[in-house]
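Two complexes follow with subunit A in common, the first pairing it with subunit B and the second with subunit C.
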Partner chain A sequence: MTTTAGPPDAFSTGKTPTFEQSAKRSLADTQLRRNLGKATRTIRAKRAIAVEEMPDWEELREAGRALKERVMRHLDEYLLTLEESVTRAGGTVHWARDAGEANRIIAGIARGHGASEVVKVKSIATDETKLNEHLQREGIEAFETDLAELIIQLAGETSSHILVPAIHKNRAEIRELFMRRLGAEDLSDEPEALTNAARLYLREKFLNAEVGVSGANFAVAETGTVCVVESEGNGRMCTTLPDVLVTLMGIEKVIPSWRDFEVFMQLLPRSSTAERMNPYTSFWTGVSGEAGDGPREFHLVLLDNGRTDVLADEIGRQALNCIRCSACLNVCPVYERTGGHAYNSVYPGPIGAILTPQLVGIGDSGSDSLPYASSLCGACYKVCPVKINIPEVLVHLRGRVVRRKQDRGNLRERLDPENLAMRAAARVFSDRERFEKAQRLARIGQWPLVRGGAIHNLPGRLAGWTEVRELKPLPDRTFREWWKLNRGEG
Partner chain B sequence: MASARETILWRIRRATRDVPEDERLEDVAVERGYRTRDAATREEIVERFAERVAEYEATVRRVGGEELPAAIRETLQRRGVKRLVVPPGLPEEWVPEGVETLRDAARPRLTKEELDESDGVITGCSLGIAQTGTIVLDAGEAQGRRALTLLPDYHLCVVREDQIAGLVPEAFARLEEAVKSEGRAITFISGPSATSDIELNRVEGVHGPRILEVLISP
Partner chain C sequence: VRVALFITCFNDTLFPETGISTVRLLERLGVEVDFPAEQTCCGQMHFNTGYQREAVPLVRRFVEIFSPYEAVVAPSGSCVSMVRELYPLAAELAGDGSLATRIEELGPRVYELSEFLVKKLGIENVGAYYPHRVTYHPTCHSLRMLEVGDAPLRLLRAVRGIDLVELPENEECCGFGGTFAVKNADTSAAMLSDKIRHVMDTEAEVCTAGDNSCLMHIGGGLSRGRAGVRTVHLAEILASGDDARGMEERG
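Then we have the complex of A and B:
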């Protein structure tokens, strides 16, 4: 099997299209929209029931938010404690400044054990670093073992949903793919039959793999315990059977103590798959030792790759609180229609719209367009299990995108009519006399446009605004003028 | 040249310059206003556990203490289990006569292939969680290594009533010692393995045991 590089995203080199450009393609795909509509509607309804059952849901959300805030404010201290705990338990901790460094560390470990294959449990961090492609260049084959990840790996595509990466594919497409790539014959398109074909194919990989690669949902500073939350059992396979386990985790995934699982393990499953608890969760602390239970060698790779830049933004920082549940995707009216690929990032949906531009840095037209991929309806904030105020960060990032264009953009960006207008407005708003004079001028200036008490067509480049709405004309007299006339003497 | 470790730590400190120098970890308040103790009676908790395990499409049965060995024998027979994996420390009376046992020990250990080719495994557990219908294994007595409950296609788990915790926080509190002092591996099992990756249709049995059966006894 070969790993095909997917289309470029915000974490590849080179420019990506804007959200608007990519969304047009997704919106034209009726099959995709049908799949997405069904999927998001189903998960939304199930999640509501799972949360309804919890009388202390708001208290749990608040505790989750506060714990994450504590971690972010003292991230250096928690990472050092984690390093100490993991080392004490027999593991090895590595630090990676960026994607390339992380990939080299992981490839080095695999090569050191003479492994030509590794089994992987779904990890968005490794999608972010493009680990599979790097390993392939090094002559090491990475096998995705999550069913959906296997499907998209075989299809040479990229994930379109954090939790259900193959949400854009239907059973007929998957059947055709398995027959072609796994050599499965006489396969029906029943989900049971398709799942069984994957089970048989992967069982052999699990039994023979020497090196397993995983992500981490959480890692506990106090004990060095790492946790993988999953449904299929492939996570248990990858973290238990191979002799060597390498876990790649973003530095923001550390949590203070063992007991804090009582918060996150209640928030995550209900927000994610709308279950009281997901089928399998593995917690391991270092290596197996005498008991021979699990890997003999454990490596934890701590990845920065832009996270410290996110941390430096006091408002944007909360994006690092994300526990990757995907609840915000499922409630987002924009995501429901465009799907994940339009975001051109391994982090799609509302959380992706605030995480991606901060991770890769403002200044790329593709990721700069993401904070605008929202109607600011606030549904994402309402469902977020750790209370990330996504609309607040979206607005804040729009401001950063505009300010960067004003300050450091090229000539075209700086002479952009929106920019010039905003600059003029800033000058007018900053002085009372100037503001009042401008109001009088505007009243005179608008008269050719007013028809029957409303403005229907703005001229030139402003026409876009009135294409879909009417504009109320300025009143004959402002409130301040009225006040001066009627009560001004008092 | 600075190491990656030093660079990342330096970047973090620069990024969090807004945090006062003298702020301690506990100065960032964490309100734990959620439930930490289940006020329900023991019987209610056991009953809720049974209900919620069943909702995951696992088979659950409550049996009297005396009836347990017979219930185990009957269950394994019904499932056609002939080659049974037995972890160290499993009570001998739980092992029915007439089945071939594959006993795991420190030496010799069962191979992955032997586990894969077995018909099933029988274990006890560390605890159960009523709130979520979860079985918790901690690789201790009567449970054994994690691979034992992973590769066989059938898992029969015996849960004692006094092992069942009401709420999730109670379970993490009970496990704390095993993790902190012994670094034990912990596995949460809530129903058989499952996927909803194909058109969101739930399919039971992907990589773990396809069938999970639970016997609850006093």
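Then we have the complex of A and C:
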């Protein structure tokens, strides 16, 4: 089996389509709409119940926010402490400026042990750096062991959800895939049968692999303990069976002390899978002794890849507080209809819309479109376990996108009709008389568009509105005209 | 009580009836209404689309015009949430400390109509009569930014003759989102389809809300589909009744 490279995304080289362009395709996929609608509705309802039963949920959220904010304020210190602690426990810490550097470090470690295969725990950071593709180019096969990651790897697709990468697929589609790719015969589409087929295939990989690769949900600065939170037990296998373990971790994942788990281990499971307690939570500190389970050699690769740039933006930096629970995806009305692939990033949904453009930098037409992929309905902010004000950051990033176009954009960007129209409108609104004149002119000017009391077709960029909606024409008088007539001059 | 009416540019231009109803309703309840005619737009469209430099002068204008008033009332949850929730960010981006202070003082005095009636005046029964089957859509900004809670429903429940039916999945966005409906017209349309399906499921003849922007979106879809359901702003329902016209008025 080979690792198939997925379509290019915001983190690969080359231009990606805009959200609008990609969304058009996924919106037309009725099977996808059905699968996603069903899955997000179910998980939404379950989360609401799991949160409802917590009397101190709001205090927990506030504690989570405060902890993460402190980490970001003193990130440099916590990272150095973490390095010290991991080293003391027998591990090796590597610093990677970007994706390329991280991939080279990991491939070097695997090659150094003569490994031709590695087993992987679900890790979005390695998806961000495109580690699997890099390893493949180096002649090393990476095997995803999380069920959903395995599904999309077998299908040659990319993840469409932070927690449930194959959320866009239903059971029947997975059964067909397993029969085709794993040679499973007589397979039913019952979850037990599907998991069993995957288990048979994966067990052999676990037992043979010399190198395991993982991400990290948390790493404790004070003790050097790394933590992976998962639901299937595959993570435990990957972190304990191979002799060598390499963990790739974004620098923002560090937490100050062991005690802080009290907060995060309550917030994360309820927000992500609606569970009171997470099924498999693995902690390891450095290397294991001769008798113990666990790796004989441990490497922690700390990844920047744009994160320090995010940190420099005082409003935008809260995106780094994310603990990857995916609650914002599950409540997002946009995500529910377009699915994750429309975001062209390993970080889809509302959190992806604020994280991706900041990580790759403003100025790319694909990721610049992401802050606009929201109606600003605010549902994401209400469920975020660490209170990231996603709508606020979305609006702030829209501002950065516009200001870059206005100040440093090319001629086409500066002469963009939207830019010109917005500037003209701002001038109209800045003066009462200009505003009243514009109201009268619009009323006169609309006549070519009005047919039978409604506007059925708008021109140019506004045409999207009238594709499925009519527009009410301007009435004969404005409110202020009525006021003047009936209540006197204001 | 004396209040300044913040009509919003959208209602002023497109939905004067909502403004007229708001005035009649407040006057009927003994509130003295003033309309500062210098007002134009709060700057929400500019701000939320990313034209924040262009929005800042509008923010300053708004603060200048409305600061003298003890209370400001608007028939729009969305524009009120701009003032209360996003003006501080505008001042921060503008790096203007004195503007931030003035916003901090003014913000809490700016009310969405239903919260002004229920939370500030303590009135639920406004003496309205509206013999129609009605369903209520809580708009996102009223619900999640202003947290008006069930204030609009309390007001509606007290209306004589009304047949109020609950809208399924009512907390989900209708897909308007300002320029979102144009920039991401396809996604917006997908959201609208579901909202319309839920409205149709109620068999209501009227869909109401506290924001004409969302209602224009829902209403535009309903009317394109010849659904036979109309959208009416909450203020118009609350102002209606046997003696709705109140004071002597011309046109």
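Going forward, the second predicted complex is superposed on the first by the 419 of 490 C-alpha atoms of A that agree within 3 Å, B and C clash if a C-alpha of one lies under 4 Å from a C-alpha of the other, contacts with A are read in each partner's own complex, and residues count from 1 in each chain.
To be clear about the criterion, a residue touches a chain if its C-beta (ideal position, glycine included) is under 8 Å from a C-beta of that chain, and two chains touch if they have at least 3 such contacts.
Remember, it's a predicted structure, so these values are computed and weren't measured experimentally.
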Touched partner set for A:45, first subunit B, second subunit C, both or neither: neither
Touched partner set for A:415, first subunit B, second subunit C, both or neither: neither
First (subunit B), second (subunit C), both or neither touched by A:262: first
First (subunit B), second (subunit C), both or neither touched by A:309: first
Larger contact residue set on subunit A - subunit B or subunit C: B
Touched partner set for A:200, first subunit B, second subunit C, both or neither: neither
Partner chain in contact with A:283 - subunit B first, subunit C second, else both or neither: first
Shared contact residues on subunit A - subunit B and subunit C: none
Residue ranges of subunit C touching subunit A (in the complex, touch as defined): 7, 9, 11-20, 23, 33-41, 43, 45-55, 57-58, 61, 86, 89, 92-93, 140-141, 144-145, 171-173, 175-193, 216-217, 219-221, 223-224, 249-251
Touch list for subunit B against partner subunit A, complex: 3-5, 7-9, 11-16, 18-19, 23, 25, 28-36, 52, 56, 106, 109, 112-113, 116, 129, 131-134, 139, 145-147, 150, 168-169, 171-173, 175-176, 179-180, 183-201, 203, 205-208
List of subunit A residues in touch with subunit C within their complex: 19-20, 23-24, 27, 33, 315, 333-334, 337-338, 371-379, 381-382, 392, 395-396, 398-403, 406, 418, 422-423, 425-426, 428-432, 435, 439, 442, 454, 461-462, 464-465, 467-472, 474-475, 477-487, 489-490
Complex interface listing, subunit A residues touching subunit B: 35, 38-39, 42-43, 55-56, 59-60, 62-63, 66-67, 69-70, 72-77, 79-80, 89, 94-97, 101, 145-148, 151, 164-167, 170-171, 174, 191-192, 194-195, 198-199, 202-203, 206-207, 223-225, 231-234, 236-237, 240-241, 251, 256, 258-259, 261-263, 265-266, 269, 273, 275-286, 288-294, 302, 304, 308-309, 311-312, 314
